[in-house]
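Common to both upcoming complexes is chain A, partnered first by chain B, then by chain C.
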Partner chain A sequence: MEKIPHDVSVGGFYLSPILVSGLLGVLAALLTARLLDRFRLSRYFANPPVVIISLSVIYSVFFGVVFVGI
Partner chain B sequence: MKKYSKYILTGGLVLIAVLLLVLQFWRYLNNPWTRDGTVQADIIQVTPRVSGQVVKLPIRDNQFVKAGELLFQIDPRTYEAALAEANAQYEEAIDTYNAQRENILAYEARLRESSAAIDQAQSNINALEAEITKARAEYKRQQELLPQRATSVRSLQAAQAEFESSVEYRAGAEARLAKSLASLEQSQAELAQARAQLGALGIDNPGVRAALALVRQAELNLEYTTVTAPVSGYVTNLDFRFGDQAVANQPALSIVDVSTYRVEGYFRETFIRRISPGDQAIVTLMAYPYRPLHGYVESIGWGIAQRDGTAGNDLLPRVDPTFEWIRLAQRIPVRVHLTEIPTSVELRVGFTSSVLVMSGSASAEEDDTAQTP
Partner chain C sequence: MVKIQSEKALQLSRNAKESFKLATALVSVYAIAMGFNWEKPFWAGFAVIVCSQANLGQSLNRAILWILGTLFALLGGWFIVALFPQDRWLFMIALSLWVASCVYFLQRSRYQYFWITCGYVILLLWDATGGDLSISYEEGILRVQESLLGIVVYGLIAVLVWPNCSRGELDKVSTELLEKQRLFAESCFNRIQKQEKVEVRPDKRVELLKTDTRLRTAIDDASSDSYEIWECRKQWNHFGYRAEAVTQSLLKLEESLALSSELGVSKYLSGVSEYIEDVQHRFAQVKLAISGGELADTAGERNVQGDVEKIKELSTFQTAALAITRRSLNDLEVETRSLIDSANDIRRMGRSYLNFSDEGGAYWLGLLMPDPDRLGNVVRVLVGIWIAYLAYLFVPGMIGGLLVVLLITVIAIIASVSPQIRLFETCIYTILVCLMSAPLYFFVMPKLQGFYSLGLMIFVWTFIVCYFANRAFGAQSMIRTLVLIFPQIIFNFNDYQTYSFVVYTNYIFVLAIIFCILAVSRNIPFTSHPERNFKKNVNRLLNSSACLILQGDIPEAKRHSMLYRLYILYHINVVFIAYKCILYWMDGIDKSRIKGMSRYQMDRVISLLMLIANQVKILYRIDKSKMNFVAPKRMLREAFIWRCLAGKILFYLSGKKREVHIDSLRRGYRRIFHRANVDVNELMEMGGYSEKSREGVSNFLYFLGVTHCINNYLAELFHLSESLDWERFCEERFL
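And now, the complex of A and B:
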């Protein structure tokens, strides 16, 4: 079920859902990168920074569509 | 192979990311969404039509009222008195009308009397004519008889006097006839005048109609002292007290018409071409973030006020300088009609809402309805 876009209230600040899902996506991508480094999986990727950016986009869209609603 | 697997994995991730981004952007373009929306409804300003002190105010602030329910009552006594006066004037007008009709009857009788007087004068003249003929014959006979000594000079003089006096009598009778004719004409003129003054007969009589209209006006004014709700809705911000003076044609309180609740979404002009009336819309109120409301686009505004171009000093157009690089898209109001409002959601005018419009859903729905038998 797709979420309907609506403002996300964080302590009285009404944030745009794109901003929230983008922040969540970047955090998740950074976390994933830490884990990839930790388990030495980064060596399977040619360019880790590009991977982090791509992961950020993928996570953002995923969170946006499934949880936040964008 | 292992050498390239690194690049394939990385390239795959980048490809997925780009695809998702494009897909999401496409969705965003096709489902215009705005955070700038408000709940609106028609506000009816209830305005008394007559002035007076408020003697009854059964409503309370923020209360629901049904159409036709009493809102407040203005002191009716002065208007009752005015109605009584108008009624009296109406009766007086009817009396005047009747008197004028009687007057006409009197004039008609006078007219007949004049006609009779004329007839009488005419017959009088005829009788005198016969008298004259007789007197003339007698005078002539006496004149013929005198040389034969068959009559006396005295008789001749008497016959002459008789003849002359009857001629005089006839002149008098003719004068009376002329007088009667003049009196007939006068009576006719008076009758015409009285008829003109009376005007049309019966209910069409202008005097009676004017008096009746005054009665109706007084009745309406009395009716206006009872102010009822024109629509069903909520009394809002009631700043009106028992004992206040209600002033005619000045709004006393406002009612939010519940049947006209709608959401105005202010969409950027860049998205307007993707929105058409009938498109499905989903509204999320800030007050009820987890209760999306469904509706459809009812209409799209045709204009917004603008500051540039208004007359300034010396009636020259006032144009604000703008910064070339950053432009803000204008926003156009899109009116969304809510198809279903859950009972747990209470709409209030001014609520902030976000509005999502599904572009092209109007025609899709039409197709659906066309297919279903």
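And now, the complex of A and C:
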């Protein structure tokens, strides 16, 4: 299901695929972090900021490869 | 009426005026720098943004420290280059040592901005020369020249356009502090006269301490922007120290009255009514001297004495409580007398400050003493710099290159002064403002015809960003500085303007990389989570209190060793700065999301810790040799056992289990009250023998009073801490 790399058009503005997947990745990481906080799972991580960064990278790659195409 | 209203509506707010001044200064420096065809006019703009502060005094202070810091960093940079011209690693290690010492000193220094500038200017020059291990003379001079331009332009605008002098603020704060002290004393005295119970009021105490801090800042600011204050700055500084001493005496008085007020202090101490009248008159006189410009009446010495025959009827605890109240009243008398002298000194340029040569001692002690929090921040800055530098060396084509190293140093150094700031929030706001600058950079700037239109754009942009940043975060916040600086880096105004989408996106990525590296470095060597650091400081205070209490029985021979003295100085420093450190981390805690305890419980813990710290300071100062002169062995043994038990409980509360079984500790804890209950009647008899034995008895009773206070506070803290879930409180959170 890999997509062909292409710019994403938002209302006539062409955005690079890496920007879109990066943005989606950060939003997904923030949502996950919020959920982990909600269920008190964040206490199991030694360095939460690094976890957010890592989650952002993982999600960005995932969205990039599966949905956007990078 | 309508006219007045319309006039008021036309008046600009202080925020709008300050934003206008900053925008005008920025446009002017760019016009001058670009007019002279200087490279990197951004440096002048940078100086303007950093110098723009809440008032004229602060701005001028920063300007002076900025230029001194730049010169010092230049010399340091050339020295390091001269030492290690050919070795990249030695050069970098020397640079790291330089930055580390700057970061270490800046955290407790009065001249923070000097150290901040010293720390990063050296990297800025290194970056400007492409990191080729040479800091060129020309680059250095250009940097000084442009910084001076920024400082002079902003200084002139700040002085000439709507000057916001600190003199008014100084008058206001000093009068406010004196009034608060008077009211505080009056409420204590009223309770004494009515024999009502005095309760410690944490809110009033914090208010007094905060006003004290404001007075110190106002004196510093006004010394810079008012010639009158500059001329008598030593007198004003002395007044600041004396006012602080009066505040401390008032706090001690309240603590002691919490134990003794119900007894009817005036029954057992002679001349209390005259004393009260005299001290109230002194407060009124000082206020008159400061606000009215008249000389205050000089006060005579007054000493409150106890009625020995009547005191013999009292129990040990009551006698001790009375002893501590008497000492507090006499301390307050001495301090108010010095306050009058200091206020008169301001009017007649007196020199009574020469009698207080140790006034700045605590400052130097704090500056040089090892402090784990400060060392932690040094490590954070160094880790950030080294990650960025190694990435620059070993990651091929790294975005930003040396700029990342430089910006990480700047942000990490600023963050080390305010580690409670939320990095994520700062990052989001900075990126948001950079994104907002995109339409200007891509669509407006290329169409501008000349400097007039460019100047208009700079003015409007700066005014809007500054106005909203001031409103949202305050004039001195780090976010405000960053949201003003980063777009300037992106715009990069110069005579040969280029526009590139790649450059713009690179800057955004650079910003993201910087915050990622900072996120990693902020948790090394230990977390910068405010709740955890709050608890860590609480533990440190309790631990140091325990050490100071226990050291009362250390043999005389051991006391003379250098290591022992350093050990004691370290703990004294921790107890002295505890209040600031704990409040500092408390500011970073999100009050709506506290877990494991309520807001009220947290405030109560802080207030109890402050009370314990105050009493430990008093206990440490009690002259033990005089006490040992009169007290029989049995009493000294009781005092020794009390010290051990109190130390154990404090260690336990500070989280050090030390193989202590909780039940045995609880038994010991109940015993602690009975231990202090020694028979003092025979001691009172000894008081009449000689002057030395009188002082000894007075000291021993004072010691008992202080132990009584510590017992009460410990009891409350012990019960309170059993109902708190510290583990839940310190839990890590992502957002």
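Just a few scattered comments:
Note that the second predicted complex is superposed on the first by the 70 of 70 C-alpha atoms of A that agree within 3 Å, B and C clash if a C-alpha of one lies under 4 Å from a C-alpha of the other, contacts with A are read in each partner's own complex, and residues count from 1 in each chain.
As a convention for this text, contacts are C-beta pairs under 8 Å (C-beta built on N, C-alpha and C of every residue); 3 or more make two chains touch, one makes a residue touch a chain.
All values reported here derive from a predicted model rather than from experimental measurement.
Partners chain B and chain C fit side by side in the overlay (superposition on chain A).
After overlaying the two complexes on the shared chain, residue contacts for A:Pro49 are found with chain C alone; chain B is out of touch. After overlaying the two complexes on the shared chain, residue contacts for A:His6 are found with chain B alone; chain C is out of touch. By the touch criterion defined above, A:Val61 lies against chain B but remains apart from chain C after alignment on the C-alpha atoms of chain A. Looking at the shared chain after the overlay, A:Leu23 reaches neither chain B nor chain C.
When chain B and chain C are set side by side, the one touching more residues of chain A is B. Of the two partner chains, chain C is the only one that A:Ala33 touches; chain B does not reach it. The minimum CA-CA separation between chain B and chain C in the overlaid arrangement is 7 Å, rounded to the whole angstrom. Overlap of the chain B and chain C interfaces on chain A: residues 43, 45-47, 50-51, 53.
Of all residues in chain A, only 4-7, 9, 14, 16, 43-47, 50-51, 53-55, 57-58, 61, 64-65, 70 touch chain B in the complex they form. The part of chain A that touches chain C in the complex is made up of residues 30, 33-34, 36-37, 40, 42-43, 45-53.
Considering their complex, residues 423-424, 516, 519-520, 522-523, 527, 731-735 of chain C touch chain A.
Put simply, chain B touches chain A in their complex at residues 5-7, 9-10, 13-14, 16-18, 20-21, 23-24, 28, 33, 35, 282, 284, 286, 289, 292, 354, 356.
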